[in-house]
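Each of the next two complexes has subunit A plus one other chain: subunit B in the first, subunit C in the second.
This part shows the complex of A and B:
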C-alpha cells in the first residue's frame, strides 16, 4: 500500500504511531484511569451489563471489565515490549552481526535459525514456556518471533559490495562496516521493525495466554481475560468483547505504524 | 529529404525542467555531411540538446524554439515530428545501451525497424557495415550477450548499426568516453571515415577534448545551457577563442615528449616489494615479475583494459591471493598475517578509483571522510572535524553540505571525496585506478591538480593504473607497460615517451598525441 501511495501510507503510519502513543500513555496511567485495582471483586453485581457505574459491565466474579481491560492492556503491553525487545535483539541485530562472523559459523547459524524459522512462532513460544515456566513468557515470545528476523537481517547484509571490499582493503574493520549497516540501514527501518515486532509478539503473547501458557495469575493480560470470559461469552458478551477490542486496537495501531506491508518484510 | 537549405536549423531552442533552464536559446545550422562537435562539461546541456534532436525528451520538459529540417518549414522543437530525416543514435557502450539478450539480434532489429526492411536484409546491411569498419568484428562475434563483449567490440557493433541505417544525421553522445586511448583513436578514425563515406551529418556531444581534436569540423561550446562559442576546431585549439574555451583546451593534457632530464634516485625505504610474482594466467612467463617501489616513489601500470595491469594491481594490494611469488608491503607479507594484524597495516593503503561504487552510497559526506580516522585512531571529535575540514578544503568540497549522502553526489564530487578520504588517512601507498575516467575535461584537469597537490604535500607512494600516458606522466615517474597479460616495457616515463621501443608503448603514446594540437605554439614537449 505504502509503495503505491506514499502519502496515504505516511498518513496511516502517523495514525498508527499516534494510536500506539495514546495506548502507551493509557498503559502507564492504567492504575489512575481504572475504577478499581486489578482483580478487585464487587460481590453481588456479577455479570451486570454495561451501565453508568460500570461502563464495560462486570465479569462472572463481579470485577469491573473496564478496569480489568485497562490493567490487562498494561500487562499485555509490558509483556509485548519485552518480547519485542528480545525479538529484535535476538533476531534482527544478531542476524546482522552473525552475517559478518567467520563464514562457516555464520552459515551454521543461518541454517539453525532457518530451521527454527520453519516452526510456527506460537508453538516455539509454547515449547519454551513449557521448558522455562510462565515467568519467561516474554522471552519465549521474543525467541519465537526471532528466527524470521534473524534470517531477514542476515540475508540483508551485503558482504560483497564493492565499497565494503575497498573498505576492508584499506584496513577498515568489520565492526565499522557493521556500524555502517546499523547507522544507515537499520536506523531508518527501526521504527517499522519495532512496530512490526510489537504486533507479532502481541499476537503470540495473547494467544499463549489465552491457551494458558502466558501470563500467570494473579497478573492477567488481555489473552487471559478473554480466556476467562469464554464461559459467559454468549450470555454476557461484554466480558470478552471489550478486552478483545482493546487487543485488536493495539495490534492494529502497531501494524499501521509498521506500514501495513504484508509479509513483515521490514 | 528536401535538398535545399541546411539539413538542420535550430532557432532559439530552450529546455526547462522543474523550473531550471537546461538549454537556453540555442541556435545553429548544420549542413548535410557536416561535422559538429558539441563540447561542454557535465550539465552544460549536451544531453538535453541531443534529446530534443532525437525526440526522446522527458515528459516534464518544457521546450520552446523551432527547428527546420532539410529546408522545410520551421516546426516546434517540442514536436516529435522529424520530417523525412533519418536519424541514427550512437551511444557509449559503457552506458549499457543494450539489453541482456543477443547483441546481434538487437542491432539487427534496430536496423530493420529504421530501414523498414526484412530481418534478413537488415542483417546483411549490418554485415556489410561491419566489413567497412576496422577491428575485424563479425556477425558471429556479436551473437552473444553484451556482458561477453569487450567495450571496443560493442562500440564497433553500435557504430556498424548506425552506419547500416544510412542516416542523414548521426547523433553521438559521449560515444567513446572512457574506452581507452587506443580504442578512442580507432573509433574516432572509423567514425570519421564512415562519415566521409556515407555523407551523413554528425553531431558529436562530448565532455572530452579528444573528439574535437581528432574529428575536426565545427565545434559548438556549451556552458550552463548557453552557446559560449562556435567555430572550427583548429581555430578554437589555436588559442584564438573565448576565455572559457581556451581554458577547456588548456585543460587537455599534453604529453611531454622532450629529452628526459636526469633525475636523482629515490632513496626512501622499500614500501612495496614484489618477488617472482606470476600473474596474467597462462600468458605469464616462467619467470615472474619482480620490482620494488620505494617510499615516495611512483609507478604507473599502463595498458589497455584487460592488458594485465588491473590483474597485477589486484594481486599487489591483496584483493586476490598471489598464485606464485611474494609481495611484501612495508617488509610484511600481508597474506601471512591475521585479518586484524593485516587491517592495521592496510590502513596505510588508500584507493582512488574511477568506480562510483568505491564509496558507500548510504554514508554522508562527513562520515565518509571521518571513517578512517574514527576506525584507526582515538581522536576527539574536534580533531576529527579539523582533519576532515582541511581535507575537504584541499579537494574543493568544503562548501558542500556535510550531511549529503554520497549517492546524491556527482561523479566528480565522488572522486574528490575519495581523495579527501585518502588525505585524512595519511597513507603510505595510494592506488589510483583510472580515477579520471568518466569526467569531462575540466573536471579531469581539476582532479589531476588535486592529486598532484596531494602527492606534493604528503609524499605518499603512488601506484597509478591507467591507459593514458598523459595521466601516467602527470602522476608518476616510472611506468610498466602491459599488453595481453604481459609486461612489455618498463622504465622512466620520460624515457618511454621520448624513445618507446615496444609497439604497444608506441601505440599508447600515439593514441594520446594529437597532431592538430601542434597548431598551438609551445604545446609540444615541455
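This part shows the complex of A and C:
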C-alpha cells in the first residue's frame, strides 16, 4: 500500500491497471491494429518522416514504425509475462516456501540466493542466455530477477509469531499449514506482486534484447527495435522515440499498478 | 557492537567465497561443453586445482591470461563507476533530501515513478540525442570513436556515459533516501524528543538526518548494483572499452573464463559495498539499519 494519501494511491493504482489492460488488449490485437505484418518492408520510402500514411514514419528498411512498434510491444509483453511468471515462482513463492523449510536448509538457500543477488539481474540474465540460447530469454530474465524477490519474500516471513506456535499445536499437517500461509501471504497482494514483477523483468528483457541477448529476428521486441534504430536516431528520431515511449509506458503502468511504497524499487 | 561486526565479517567472507565458487562453476563450462554431470564436476575440480596454483585461465578470444585482460579493462570501468557515483550523489542527494520531507515527499512519488520507469539504455540514447542536437557535441553511436583530439573533446566523450551511469545511480540514491525518510517519519523518538522541549528543526537536524544518511549508506550495495548495471549499458551504447563492454563480448563469444572473472569482480564489488555500507551505517547511528 502506498503511503501517498490513500485516495491518490488508489487512483494511481487504478490508472496503472487501466493502462496495463489497454496495453494488453493492444498486444492481443497487434496483428489486427497494425498497418503491415511484422517485418514488412516498403522499398523506396526508407527513413521517411511521420506522415498521414505512416503516422510514426518508416525505418531504414522502409518498415512502418507504427506497425513495428505494435508488433514489438506484443513480443515484449509476451516475453515479459513469461519472465514475470518465472520471477514470481522462483523468487517470491520459493522464498516464502524456503523460509519455512528446516532452518539449516532454509539458511543455506538464503545464503545462495543472497550471493546471486549480489550480481546485477541484467548480467545474470545475459549469462543464462549465453549458456542456454536466445529462446530462453524469458526464463533468463525471470531467473535474473528471482534472487532479489527470493530474499525479500524470505526476510518477510515471521517464524516467531505466536500464530505459528498455535497453528503447529493444532496438529494440522505441514503441507496444509504451508498452503494456508501462502494463501494468506499472497491473497491480497497477488496483483501487486504480478505488476511489480512485470515492471522489473520488462526492463531486463528489453535491455538484454538491446544488447543482443534477447528476441531474435524475425520476432523483434521493443529493445531490439530500439537497438536497430540506434545508428540513425539522430537524423531519424522517430525510429527510436516511438518504440521507446511504448516501452516506458508499459513499465510505468506496471509500476503504478504495483503501488510501490515510497523509496521502493520494483 | 562486536557481535554485529563479527556477523558482518562472516557474511562478507561467505559472500566472497560463494561468488568465487559460482565463478569457478561458470568457467568450467568451456567449449566443448561437458556432456554429463560427472564430466562437469571433473571440469570444476580441474578449475579449482588450477586456481589453487594461481592460474585463473586464459581468455578464449585474445589468448591472454584473464587476470591481465581484466586489469587492462577494469580501470576505465572503475573510473566510470567512480565518476557516475559522484554524479549520482551530487544529483540524488539534493533531490532525495528535497523530496524526503512532508508534503513534497507525497507529491514527488508519482513523478519519481515516471522517471524510474525509463530503462537506462533509453536514457542513454536520449542524452546522446540531446547532446548532439542541442549542444552539437560529437557523439558517435554507430562505431568506436578514436582518440580524442583535445582534453575538451575527451571530456565531452566521457561526459555522456558518466551522465548515464550517474542518472541511474541518482535514482537509486534518492530511492534509498526516501525509503529511510519514510521509516523515520513514523519513528517513536520524535514524540519523545518533542516532549523534552526540542524544536522540530533540532529534531530533524540532529536525530532524523543522521538516521536518513545511515539508511543511505546502508543501501550502498543496492546503489552499487544500479551503477554496475548502468555501466554495462553505457559502455555498450557509447562504445567505451571497459570491463563491462568486455563482459558483453565475452558472453556473446562464449569466453566463459573471462565472463566468470568479470562476474566475480562485479559480485565482489557489490558484496564489499554492502558490507562497508552496513558497517558505516551502524557506526553512524549505533543501530542496525534494515
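Here is the rule we use: the second predicted complex is superposed on the first by the 258 of 266 C-alpha atoms of A that agree within 3 Å, B and C clash if a C-alpha of one lies under 4 Å from a C-alpha of the other, contacts with A are read in each partner's own complex, and residues count from 1 in each chain.
Keep in mind that, in the parts below, contacts are C-beta pairs under 8 Å (C-beta built on N, C-alpha and C of every residue); 3 or more make two chains touch, one makes a residue touch a chain.
Computed from a predicted structure; not experimentally measured.
Of the two partner chains placed by the overlay, only subunit C lies in contact with A:114; subunit B stays clear of it. Legend: residue contacts after superposition of the two complexes on their common chain; A:256 is shown touching subunit C, with no touch to subunit B. By the document's definition of touching, of the two partners only subunit B reaches A:180; subunit C does not. Residue by residue along subunit A, subunit B and subunit C are tallied for touches, and C comes out ahead. In the superposition on chain A, contact is made by A:169 with subunit B only, not with subunit C.
Put simply, subunit A uses no single residue to touch subunit B in one complex and subunit C in the other.
In the complex of the two chains, the subunit A residues touching subunit C come out as 2-5, 8, 12, 111-112, 114-116, 118-123, 126-127, 129-131, 199, 203, 206-207, 210-213, 223, 226, 230-231, 233-234, 237, 240, 244, 247-248, 251-252, 255-256, 260-265.
Within the complex, the subunit B residues that touch subunit A are 317-319, 340, 342-351, 353, 355, 357-363, 367, 371-372, 374-376, 425, 427. Those residues of subunit C whose C-beta lies close enough to touch subunit A in the complex are 14-15, 18-19, 22, 26, 29, 105-106, 109-110, 113-114, 116-122, 125-126, 128-129, 132-133, 139, 141-142, 172, 175-182, 221-222, 225, 228-229, 232-233, 236-237, 247-248, 251-252, 254, 259, 263, 266-267, 270-271, 274.
Subunit A makes touch with subunit B in their complex at residues 161-173, 176, 180, 183-185.
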